[in-house]
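Input: structures, listed below.
Note that subunit A is present in both complexes that follow, paired respectively with subunit B and with subunit C.
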Partner chain A sequence: MEKIVEGSTRAFLTGNETIAWASLVAGAEFMFGYPITPQNEIMHYWTRLAPKYGRGFLQTEDEISAGFTVCGAVQGGKKAFTATAGPGNVLMQEPFGMAEAMRLPMVAIIQQRGGPSSGTVIYSQQEVNLTTFGGNGEGYRIVYSTASHQELYDYTIKAFNTAWTYRFPTFILGDGYQAKMREPLELYDPQEKGITLAESFPLVGLPGVIGENRQPQHLNNIYSLEEELYEKVMTFSAVFEKISPEIVEYEEDSCEGADIILISHGVVSRAARDAMLILRSQGIKAGYFRPVTLRPFPDEALKKVILQSNAKKALIAESSYGQLTRLIKQSIYGETINIDTLYKPGVGIVDYDIINKVKSIL
Partner chain B sequence: MAIAPATPKSWYLPTKPHKFCPGCGHGIVLKALGENIDELGIQNDIIFGCDIGCSLLAWDFFACDSTQTHHGRVTPVMVGLKRSRPELLTVGYMGDGGGYSIGSQHLLNAAVRNETITLILVNNTNYGMTGGQMSPTTLPGQVTETTPLGRDTAITGYPTKGPEFLSTLTSDGAYIARATVSKYKQLKRFMRNALRNQIEGNGFSFLEVLATCPTNWRTNAQQTWNFLEDEIEKEFRVGEMKTPFGKGDKEVAVD
Partner chain C sequence: MSYREVFVFPNNGQDRIVEAFVGEYASGKSEAAINRALELFSAGQSVTLVDLDTVEPFYTIRPLKEALIAKGLNVISFSRSDSFGLGETGAMLHPQARWTLMHEGSLIIDVGYGVHGIRTLNLIEGAYESPELEIVAVINSCRPMTNSVSKIVDYIKELGRIDAIVANAHLGDETTVKDVINGNMIITRAADILNIPVKYAGVDEKLRDEISKIDLSWRIKYFTRYMPQAMW
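Let's turn to the complex of A and B:
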């Protein structure tokens, strides 16, 4: 494959532009997309870059089609992705469900906007529920919640590898701030960093002659009997639980001996880390925990951090009304730590929001 | 010793006999497809895609690679497959509900983009799998589970004429036709044209096939055939609406 980036280079890009570059270097061969703010520029950059490297693009008639064309392309054995937000994410739950049911290695970039409904085109963290557990099933999805442009680059590359290694639909959960903001980052060739790109492979249209040296491939996602579906779902669950420890990622800082643990994800975690440092400089023992994967959730890690910290309180900060809190509560069931919350649905959170809240509850 | 009926080589025998109701038109359509696959020698090149509905029952019908998707969504799945693997022949199989109702947005946009895929839509004037509800092609006055007093056109409009609207939307290179299970040789010929059009890379190919549904029509053998030939074929004219680049003589309906 042609080198997209030689060695490594510093760049000053928007998040959407970063994702287009990362998808290219990850070996994505097709993007299927439908316009919705704030992810549009992923398509804008992709449509300019892709033809130079022989990659494809199709603007479909809606998000349902964008998702299902990705399902078709990955069944054909090509790395393919889409990007969406808000109501588009709602429509894509249908193809995401098919990807779960047929173990299709599809990648989707979600740039969260305000909700419910059309909400705002700007920013939120309100698509956590939808992205982690949005389908009519058990949520066999892998969701990376990024916080910076470097992470958008790193995790977009990783998302294609994760999808094609484990065969579960894989998501980059960004937001409108990350999409539109411009930040410095390092672009690099993954192989030169020692990152092996996962091989893609076809699920249909295999080489060989049917009846002579291979059987026909019959892919399906519907079953006649309850027991057939049960077996399938139980197998998915077992596989997902087995691979989860290999996939789970989180960040932890200064939790040991802390009086309060600040928990957040995505771009809000940058404010939380700053708040933790400022609070510490003021003599308040704050700790910091951030799940990077929201699905699977780092429950064991968080339980351990809480146990070892001896903290009596946790503060959960999110730009939604409890979507992260729900994931945390179900993960740490049985712990007695007191939970306070800072909810600003659809609105940004800065360090002093968190600092003021901490001071009001300690 | 009983003589087994001739089956196309491309049929997948472990799934035979098939699961369609007695008298259903799907078996005839799938026989025509199987014979065409054999005669064109494309068994290893075809990806057969199923929608949801009765068409779903064909998901493992052929000894060809196949995939199955949601109601109305076989068109975009075939589009994605074809765009990723242009050397494959993608054949989407759907019913009148999947194609003209829930999947109509995909159908008409794939047609406008002149996607090089072949779509076969089996029109039996109702939603069969879900128990016989009104579909876009239900005839005026036809009794279904959701039109128990007969389809009232003042409330639900007139039947959708798929090939007619698709032939006005498509550009040069498209092949658009309507066949019926009551005229097998013509059905097979039209289907071959729809497949060859993709093989030649001309563009979008669409074949609607008028088919029987005695289970939901609540008809016996004679009534079933009468309804197809005397009523459905009067409402939906059989023939080739569009041939690629206007080449060849179109087979048009004769009364």
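Let's turn to the complex of A and C:
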């Protein structure tokens, strides 16, 4: 079979197409999906590519089924994924919850669109709450918030590895702008780069005989008694907290000695970094902090950055109305830094939006 | 009674240009279409630029509409303000687009992407019967689906009728002279196999100085890039 990516090559792609290629090189075997803008071209490109490389696709009758079929496929040992947005993300919370309860290594790509409800098909950062803590549980999920096509490629590969290493549902949180933008990036074969791809393995139908030479495999999402569930949830919490330091990722730049720290995530962080550089060139000491993982959140890193910077103010910029702020406040509880906000729900944020806001509050 | 007996497409006795640009996302078809329209306008023609992307109309030339009208083009496309309040029905075909061929002067049509994109030409009354229409595939060899001679040949065969090719090897802002030369050589070889003419190679205006020093066998058109302004 033809090699998917020969050597390392620069290519000009949309974000959605990037994800299809990344899933291929990550060894994804099956995509289940239901159409919704702005993620449609992930499905379009996957369905064009999958037959050439012996991979599969099923369009289900709705998002609920798309999520549950991924739950089924991963139990059978297949690297499977789905992609959705907005109202589709709402519908998929049920299967995402099952994946938490059964520790299923599912991967989901979220290309955020505007909300509430059908909102817009275009862009937002309003699916942070939903993607990090959207289920009827404690949010045992791993969420990577990407900012560029290169990151969409790198983190999609990583998401499959994270899911199959830690067995928690793993998300790529992109957005409609990243989905549609065209950008150059490096396509590569992860194994040629020294990235080991995590092996998939079946969770059911295991060899051996129950009671004779192996224990039963209990993949359970419902319990008879309160105490049974309690024990499970407490175990999940302990595991999640233990692995969190291995998973958290963030970016920090020029925070030491800064007067103000600019905090943002995803595509907005590109504007924030540019804003930081421009402000510095104008003599304003700005710093930059970006959580890459929104769940688990880089609590300790952010607290340390605030402490070491001596900054009196932080500005949180997001294309939603406080969803990132909520995560940050929860994360840095007890810190006395003043928090200002720039909220543009469902609307893009450019460097000068941030620069003007900084100048208005310093 | 045939369609052509009912409608007469006016061309004022002049040889007008009617070109439809098709290609993948990120091939550069919108950029090629805009540049071609402005080129014809500069040459004194009346030019209508038609946005026929019904797949994702929010990300096409819509945000540039006003700026292109200000440059002198007639643009058939919804503007952002036209779409306000329409919700997802804002993704419909502009009624004027259906009657594109009835407009006087030269016509440049920016068609939606891929195999399905080319089928949207059937939304234009009389498109396939028009002796004027030239369907131009824009090919970017810096895309993994069209990065080799055999892949380009397969891709163009999938598209169906293609009358000409614009070789548009590029990596956006990162495009180098090497990308242009190597990429367009691949595209030209594929075009030779298919026996489809390469109209020209599209090259970013920023590379004009370097490229113009090199003796290349193909015709070059330098593109000013407008599409980066179409986001946000």
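The working rule: the second predicted complex is superposed on the first by the 348 of 362 C-alpha atoms of A that agree within 3 Å, B and C clash if a C-alpha of one lies under 4 Å from a C-alpha of the other, contacts with A are read in each partner's own complex, and residues count from 1 in each chain.
Basically, a residue touches a chain if its C-beta (ideal position, glycine included) is under 8 Å from a C-beta of that chain, and two chains touch if they have at least 3 such contacts.
What you are looking at is a predicted structure, and each value in this text was computed from that prediction instead of being measured.
Student: Put the two structures on top of each other at subunit A: do subunit B and subunit C fit, or clash?
Tutor: Once subunit A is superposed (C-alpha atoms), there is room for both subunit B and subunit C without a clash.
Student: Touch check for A:Lys78: first (subunit B), second (subunit C), both, or neither?
Tutor: First partner only.
Student: Report the partner of subunit A that touches more of its residues: subunit B or subunit C.
Tutor: Touched residues of subunit A are more numerous for B.
Student: For A:Pro184, select first, second, both or neither according to whether it touches subunit B, subunit C, the two together, or no partner.
Tutor: It touches subunit C, and subunit B stays clear.
Student: By the touch definition at the top of the document, which applies to A:Pro35: first (subunit B), second (subunit C), both, or neither?
Tutor: It touches nothing on subunit B or subunit C.
Student: With the two structures laid over each other on chain A, which partner does A:Pro51 touch: subunit B (first), subunit C (second), both, or neither?
Tutor: Neither: A:Pro51 stays clear of subunit B and subunit C.
Student: Would you please give the vertex angle at the Cα centre of subunit A, with arms pointing to the Cα centres of subunit B and subunit C, as a multiple of 10°?
Tutor: Spelled out: centre of subunit A as vertex, angle of 100 degrees.
Student: With the two structures laid over each other on chain A, which partner does A:Ser118 touch: subunit B (first), subunit C (second), both, or neither?
Tutor: second
Student: Could you look at A:Gly257 and tell me whether it touches subunit B, subunit C, both or neither (first, second, both, neither)?
Tutor: Neither partner.
Student: In the superposed arrangement, which partner chain does A:Phe12 touch: subunit B (first), subunit C (second), both, or neither?
Tutor: Only subunit C is touched by A:Phe12; subunit B is not.
Student: For the combined overlay, can you note the least CA distance between subunit B and subunit C, rounded to whole Å?
Tutor: Shortest inter-chain C-alpha distance (subunit B to subunit C): 24 Å.
Student: Residues of subunit B touching subunit A in their complex?
Tutor: 12, 43-44, 47, 52, 56, 59-60, 62-70, 73, 75-85, 88, 105-106, 109
Student: In their complex, what parts of subunit A are in touch with subunit B?
Tutor: 29-30, 32, 56, 58, 60-62, 64-65, 68-78, 80, 94-95, 98, 102, 202-206, 208-211, 216-222
Student: Along subunit C, where are the residues that touch subunit A in the complex?
Tutor: 25-26, 56, 58-59, 87-88, 114, 140, 142-145, 147, 170-174, 227, 231-232
Student: Show which residues of subunit A lie in contact with subunit C when the two form their complex.
Tutor: That would be residues 5, 9-14, 17, 21, 37-38, 41, 44, 48, 118, 121-122, 177, 180-184, 187, 348, 350 of subunit A.
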